[in-house]
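Chain lettering (A, B, C, D and E) follows the sequence in which the chains are written, and residue indices restart at 1 in each chain.
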Amino acid sequence: QDETVTFGIVTAQTGPLAAPGKFQMNGFELAVEQINGAGGFQVGDTTYKLALQVYDTRCNAAEGASAMQRLVTVDQVPVVLGELCSPVAAAEGPIAQDFGVPLITTVPTAASLTEQDNPYYFRINANSNQLNAALAQYIQSIDGAPLSFIAWNNDAGRGGANGIQKLLGDNYEIGYVGFFNVGEVDFANHITNIRNAGSKSVMLLMDEEPGALAIRQIRDAGLEVQLVGTLAMGSNRFLDRLNAEYLGGMVQYSAFPPNAPIERIKTFSDAYKAKYGEESHGFAAQSYDGIFAAVEAMKAAGTTTDPEAIRDALSEISFDGVIGPIKFDETGQASPPVYITEWCDDGTRKIIAPADLAAECGAG
Amino acid sequence: MTRSFSNLAALACLVLGALAPLIFGGQPYVLYVLTLALCYTIPAIGVNILYGYTGLVSLGHMGFAGVGAYTTALLMKDVGVPFVPALLGGALAAGVLGVLVGIPCLRLRSHFFIVVTLAVGMILFTLFNNLDALTGGAEGLPGIPRPAPFSIGPIDFEFRSLTGFYMLTFVVTALIFALQFVLVRSDFGRSLSSVRQDEALASARGVNVFGHKLMAFALSTAIAGAGGAMKVLFLRAAAPMSFDMHESINLMMMLILGGAGYLVGPVVGAITFIAVPEFLRIAAEMRFIFFGFVLLVLARFAPRGICGLAESAYKKLGRREKTVVGYS
Amino acid sequence: MSMLKVRGLKGGYGGRLIVDGIDLDVAAGEIVTVIGQNGAGKSTMLKSIFNMVPVRGGAVALDGADIMSVSPYRMLTVGLAYIPQHHSVFPKLTIAENLRMGGYLLDDKALLHERTAMVEEMFPILKARRAEYAASLSGGEQRMLEIARTLIMDPKVVMLDEPSIGLAPKMVDLVFSTARRLAEAGKGILMVEQNVKKALMASDRGYVLELGQVRIQDEARALIADERVSRLYMGVRG
Amino acid sequence: MSAILEVSGIVKTFGGIRAIDGANFTLDHAGIYGLIGPNGAGKTTMFDIICGRQIPDAGSVRFHAERIDGVAPYRLAREGLARTFQECRVLPEETCLDNVLFAAQDKHIGTELLQAFTRNTRRRREAEAEARRMLKLINLEQYADSPAGALSYGQRRLLEIVSCLMSKPRILLLDEPASGINPTLLNTLHDFLKEIYAETKIIFLIVEHNMEFIMSLAQEIVVMHQGQVLMQGAPDAVQANERVIDAYLG
Amino acid sequence: MTTAIFEQFINGTMMGSIYVLMALGMVLIYGVMHVLNFAHGVLFMVGGYLAHLFFFNLTGSYPLAILGAMVSLALIGVLLERAVFRALRDNLRMQIVASLGLIMIIQNGVVQIWGPHALQMRPPPVEALVRIGQLSFTVQHFVIIGVVAVSVAALYLFLTRTRLGTAMRATSQHPEAAVVVGIDPNRVYTLTFMIASALAGLGGALLGPLFLIFPQMGDAPMLKALSAIIIGGMGSVPGAIVGGLGIGIVESLSTLVVPTDYRDTIVFGVLILMLLIRPWGIFGVRVRGEH
C-alpha cells in the first residue's frame, strides 16, 4: 500500500503571468506523472506517490504569502516549489523560514532573493547575475556596439537590462534603453529610438509573445540589427509566431535548448512533447528539475515529513537534472549552465555557448 | 445610518478582533488572513473618511499607501529607525504627499479629481517600479525587518510570530479606527458629511469646502500610508505590484462592498474581500470567476454594502418604530 | 362625458401609500385643478395616474378605455400627456429637437410636420428661436415648450404639475390662458397648483386633496367662495 | 453712516448672455427688502454674487463699507451673510435637528478638530435645546429626528430658512421662499419672518414672484429687469409704476 | 528627427483612434446611463478573441470576422445591460462593483476557454506594408485610422440626424422627460450598451491582429479611454474624440524625449497639468449647479 507525499506549489494560474505559469505547471506535472508512473519513489522502506497542492498567486505578493502560509500550516506540506515573480518570492521566503519549510523557486531571477540569509530558500534556475554574465560575455565577443535594449518593465526585464549594462562597463557604447509594461505590445516608439541611436544590436528582454511582436516590428521597420533574446525566444513555438526569415542570425540565451544532443535533454523533450504536444520550455525544465531535487532530498534525508531534514539534505544534494548539474551553494543558489543559441536560416537552432556544449543547426 | 447599529457593530468588531488569537490560535492560516485583512482595513478606513464621509473618490490610494510602505520599510531596514517612529514617518510622508497633491487638485470637479488620483497612483507606481536604487525597483525590496521585540515588566512583546504581529496590527488598526470614530462623530465629521451631500450648501453655511477636503485627504492618505507600512512589515517584502492601480481599485471596492459611510464598512469589506478569494482557493483557476459572480450578486442585492444589509436586518429585528415620517 | 376617469386610485413608494383611494373625473374641454397642503400627495397622484410610481392600484380609464396597465412611455399614444413639476425640457437639445422628441412616437412624417407647424403657430417664440438650445429659454418659455411638445401627439387630456411654480406673475397668466386655449380646443386639463386662487379662477372644477384622499370637490367658483377652503388652502386669514 | 449693503455697477455674463448688466442698489438701513423681476432678470445671479458664489465681471459689492465681491462664500457666511437657494437645499441625509445644529456650529477646521477630542456635552445640549425651539416655531418639532430628505417641499423650505437663522446672520437672503408653498403655510412663514425681524432686526433680502406675499412683507422693493435695476421704492410705488407693470406684473 | 516625429505621429494617431473607439463607447454609456463601465476594456478584449474565432474557425475573411465580432459584442452588450446594469441604474457605487465583477468573470473565463497564451492572427492588411520614405507601416495602421474615422462620422450622424439618436441624447439629458414624451428608456439604454459594446468589439478586432490577442489587451486602452472622456469633459462626444487622439499622440511623441518607462508618468502628468489649467475639461462647459 502506497503512501502519498504532497508538495506545495505556488504559481500564477490567473492574471497576466498565467502563460508562463502554465509552462511551470507543465514541468511539475510531467515530473509527477513520470515519478508516479514509475511506481513512485522509495524513502526508507516505503514507496511514495507524489501529489501536488497548487495555489494561485497571480504574481501578487500578498496572495503569494497567503498561499505559502496556507501550504505550510493548513496543508502542512514538507516542501514548496514554484513561483514566477521575484517580489512574490521575496514575501514567501520569510514564511518558509518562519515555519522551517524549504521553498524551491524555479523561475524568479532577482539576485537578491538568495542574498537574504534564508537557509530555507533554494533556487534551481540561474539568477540574473548568472544570466547577465553569460550574455555580457557573448555580447563582448561580437561587434555589437552600440547596443540597445527593449525590456519588460518588471523584475526580469529591469534586472537584465541594468545588470548587463553594469557588466559591460562604462566603455561599452549603449544606444537606447526602453522599458515597456507587461501587457503592452506597441514597440513603434522603441524602434524609432533604436533607429535614431544607430544601434547595431538589440537585446530583447521579454517573453515570447511580446518578443515575436517586437521582432516583427523591428524587421518590418527595416532595421538591420543583431537581435539578442531570452530563453523564451529559442523555441519552435516562437518560430510559429514568426517565420524563419525574421529570425535568421538571432541569438538568445537559454537555460535549456530543447534539441541539444544531450541524452537527458532529449528524453525530457520527447516526454514533454508526447504529453503536451508542443516543444518543451525552459521554465518547464527548471520546474521539472525542482521536483526531482525535492524528491532526491527526501530520499537522502530518509524522510518525507521532516522539513528540517529535507532542507539539510537539499543543501547537500547533487544530481544531474535536465537543465544541468543541480547543486545548491551556501546561499541556496544552483548554477545550471547558461546556453547561447542562434537561429539558423532554415528555422532550426544551433548552440554556440558554452563552448564545450556547442552544436550544429538543429541542436538548439 | 443609525448610531446604535454602528456602535454595536463597532463594539462587536473590537471584541472579536481582540479575541481572535484565542479563537484562531490553533489555525495560523486564519490568523494570517485576518492580519492581511487588517492591513487592508487601515487604508480602507482612510478611503472611508475620504469617500464614505466626504464623498471624494480616489483610485490611487494604494499609491499613497506605497509611499508610507516604502518610507517605513527603508527607515527600518536601512536607517534602523524603530517601529513607532518609522510608522509615523511613513504616515507623515504619505500625508504630506497627499497635501501636495490635494492643494492643486482638490479644487477640481469631482470626476476630474478621480482621474487625478488615478494618475497620481500610476505615477507613484512607476516610481516604485523604476527607482531601482531606492525602492529595489521591480524586483521588490526583500528583507524588511519586523519591529524589534520589547518587554514591559514581565510581559514580552514580539512580532516575528504570527500572533505577535497580529496583535500589533490589531492595536494599530484599533487606534486608527478610534480616530475615525472620533472624527466622524464630531463637528468636523458633520462638516465633511455636508460637503458630500451638497457642496454649495456647505459653503453657504460657512464650511471651507476646500480646506475640509484637504484635511480629509491628508488624513486619509496618511492613514493609507500607515496601512501600507503595516502591509510590507507583515509581508517582509515590498513590491510595486502591491501598490498598483488594481490594488487601489480593489481598496475602493472593499469599502463599497463593506458599506461606505459606515464605521465598520472598511473592516467588513476588507475581511470579505480578502477572505472570500482565500476561501475560493479550492476552486483553483475558477476562483476569480466565482468571486466575480459573488460581486455581481452582492451588487444586486446589497445596494448599500454588507453593512447596509446588516443594518436593515437589525432594524427589522428591533422593529423600533422611530418617528413616523410623513405628512402632518 | 368624462374623458379621464379615475376610480379608487392608490399609489406610493415602497410600502407607503401616499395616494389612498382617489376618484376623479376630467371631461373634455374643462380645466380641473387639484389643491392641497404640501405633502398631501398631489404630485404622487399625477404620477400614479401616469403609472410612474412603484406601488399602485385602482382604475384609470381614458375616453372609455382602461389605461391602468399602459407603460408611462406609451401613455402619449393613448392620449394622456403629463408635464412634471420640475422643468422637463431637454436643455441641450434645440427647441426644434425638443419638439421633434415630442413627436417621438409619430411615424408619419407628414403628420409630424403638420402638427409641428400648428404648435409653432400657437407659440410663435418657439418658431423664432427654434435653433437655440432649450436651456436658453426663460422659465416661463420653457413651460410653453413643455406644453407645446406634448401637443404634437394631440393628447386628449393634459396633466400639469404646478405649471406656475417660479414664474413671474405675467408668465403665470400666460400659462393659465394657454391652458384655457387648450380646453377650448376640446382637451381635458388636469392641474395641480399651489397658486390656488389664480388657478381656481382659471378652472372649471376643483378637488381638494388631504392625506392622499379627496376631501372636497366642487365647481371652482364654489371652492373660491367656500370660507373653509379659503382659510385652509388659500391663506385667507380669518 | 455708510449703507449696509451696496451693490454698484455689477456685470456678469455667461457665454453670450449678460445675466447682470450694470446693476446698482443700496440697502441703507435694517429692514425687509424685496427683490423682484421677470424670469431671467438676474435675481438669483445677484444673490450668487453677493454671497460669493459667482465672481462679477465688473462692479463691486460692499457690506458695511467693506468690499465682499469675490470673497469665498464660506468666509462671507462666517461674517454673517446667510442665504437660501432657489432650488431649496437641505442636507437630505441628516435629520432636521442635525440640519439646524449644523448651521449653528463653528466651522473653523481647528475648532472642529479640537471639539472632536474635547467634547463639550453641556454646550451641545444647549445648542440642541435652542434648535428644537426653532423647529417648534415652524411646526417641525415632530420631524426633528427624521431625515430632511423625507420632508415635503414646503417643509424643506422652512427648514432651510430656520437653519440660516440658527447661524445668527447679520443679513439673510431668501430666494423665492414662497414658491410651491401652500398659501396657508405661507401665512405662517410670513408671520414668522416678521416676528424674527422684530426680534433681531437683521436684514432680509427676499426674491419673490408671489406679489401678495412680498408686498405685504417688505418695506422696500428693488425691481430688476434684464440685468439692471429698474427701480427701488416702497411697495405701493412699485406696484403703481408703469414700467414695472409692463415688464413684470402684467 | 522629423521622420521620427512623423513616424510617432502616425503611430500615435493609430493608437489614439483605438482610444477614441473605446472612449466613445464609454462616453455614450456614461452620458446616457451615468454608468462608469470599467468592464469596457474586457469587451474590447473579447472583440479580439471573437475576431480570431471568426477568422480562423468560421469565415476566413477578415472583414467578416470584424463584423462577426461587432455583432456578437452588440448582443453581449444587450445581455449585460439587461442582466447586470439595468437593476443597478441609480447606484453608481454598485455599478463599479458589478463592472469589476464582470472583469474578473470575463477575463478569467477567456483564459479558461482560450488558454493563457496570447493568440495571433495575421490577416492581409497586417502583412502588407506601406513604405513612406525610409519608414514603413502596416496597411492595418491606416485601416484602423480609416475605419475609426468612418465609424465616428457615422455615430455622429446617427446621434444628431436620426430620431433614435436624438432620443438617446434626450434621455441622457433628462430621463424623466424622456418617458413623458414617449421614449422607452429601457430601449434607449439597451441600444446604448449595444452600440458601445459593438464599438469596443470593433476596437478589439482592429487592434488584436496588429498586436496580440490576450486577456489583458483591453486594460490599457480602457484606462486611456477613461482618461480621454474625463479630459474631454465627461459626457461630451467631441471631447472624447479629441481626448482619445490627444492621449495617443502625446504618448507616442513623449517617447522621443523621455525614457519609455516614464511614459505613463508623462501622459498622466500632462493630464493633471491640463486639468489644472482648464479645470472643466477641453470641451466641458461650466453649467450652473455643478461644482
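Please note the rule applied: a residue touches a chain if its C-beta (ideal position, glycine included) is under 8 Å from a C-beta of that chain, and two chains touch if they have at least 3 such contacts.
As the structure is a prediction and not an experimental result, all values here were calculated from the model.
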Lowest number of touching-chain links that must be crossed from chain A to chain C: 2
Those chains which touch chain C and also touch chain B: D, E
Most distant chain from chain D, judged by the mean position of its C-alpha atoms: A
Selected interface, B-D versus A-E, where C-beta contact pairs are more numerous: B-D
Distance from the mean Cα position of chain D to that of chain A, given in whole angstrom: 73
Rounded Å distance, chain B centre to chain E centre (Cα mean): 32
Euclidean distance of C-alpha centroids - chain A vs chain B, Å: 37
For chain D, residues that touch 2 or more chains besides their own: 152
Multi-partner residues of chain C (each touching 2 or more other chains): 37, 39
Set of chain B residues in contact with two or more other chains: 129-130, 200, 285, 288, 327-328
Residues of chain E that touch chain A when the two form their complex: 1, 4, 7-8, 11, 15, 108, 111, 115-118, 120, 129, 134-136, 138, 211-212, 214-217, 219-220, 252, 255-256, 259-261, 263-264
Partner chain B, residues of chain E touching it in the complex: 38, 84, 87-88, 91, 93-98, 100-109, 111-112, 223, 226-227, 230-231, 234, 261-262, 264-265, 268-269, 271-272, 275-276, 279-281, 289-291
Complex contact set, residues of chain B against chain E: 104-105, 107-109, 111-112, 114-116, 118-120, 122-123, 126-127, 129-130, 199-200, 245, 249, 252-253, 256-257, 260, 285-286, 288-289, 291-296, 298-300, 302-303, 305
Chain A partner contacts - residues on chain B that touch it in the complex: 27-29, 32-33, 36, 39, 129-130, 132, 136-143, 160-162, 231, 235-242, 277-278, 281, 284-285, 287-288
Residue ranges of chain A in contact with chain B within the complex: 13-14, 54-56, 59-63, 65-67, 69-70, 73-74, 85-88, 90-91, 93-94, 98, 110, 112-113, 116, 153-155, 157-159, 162, 179
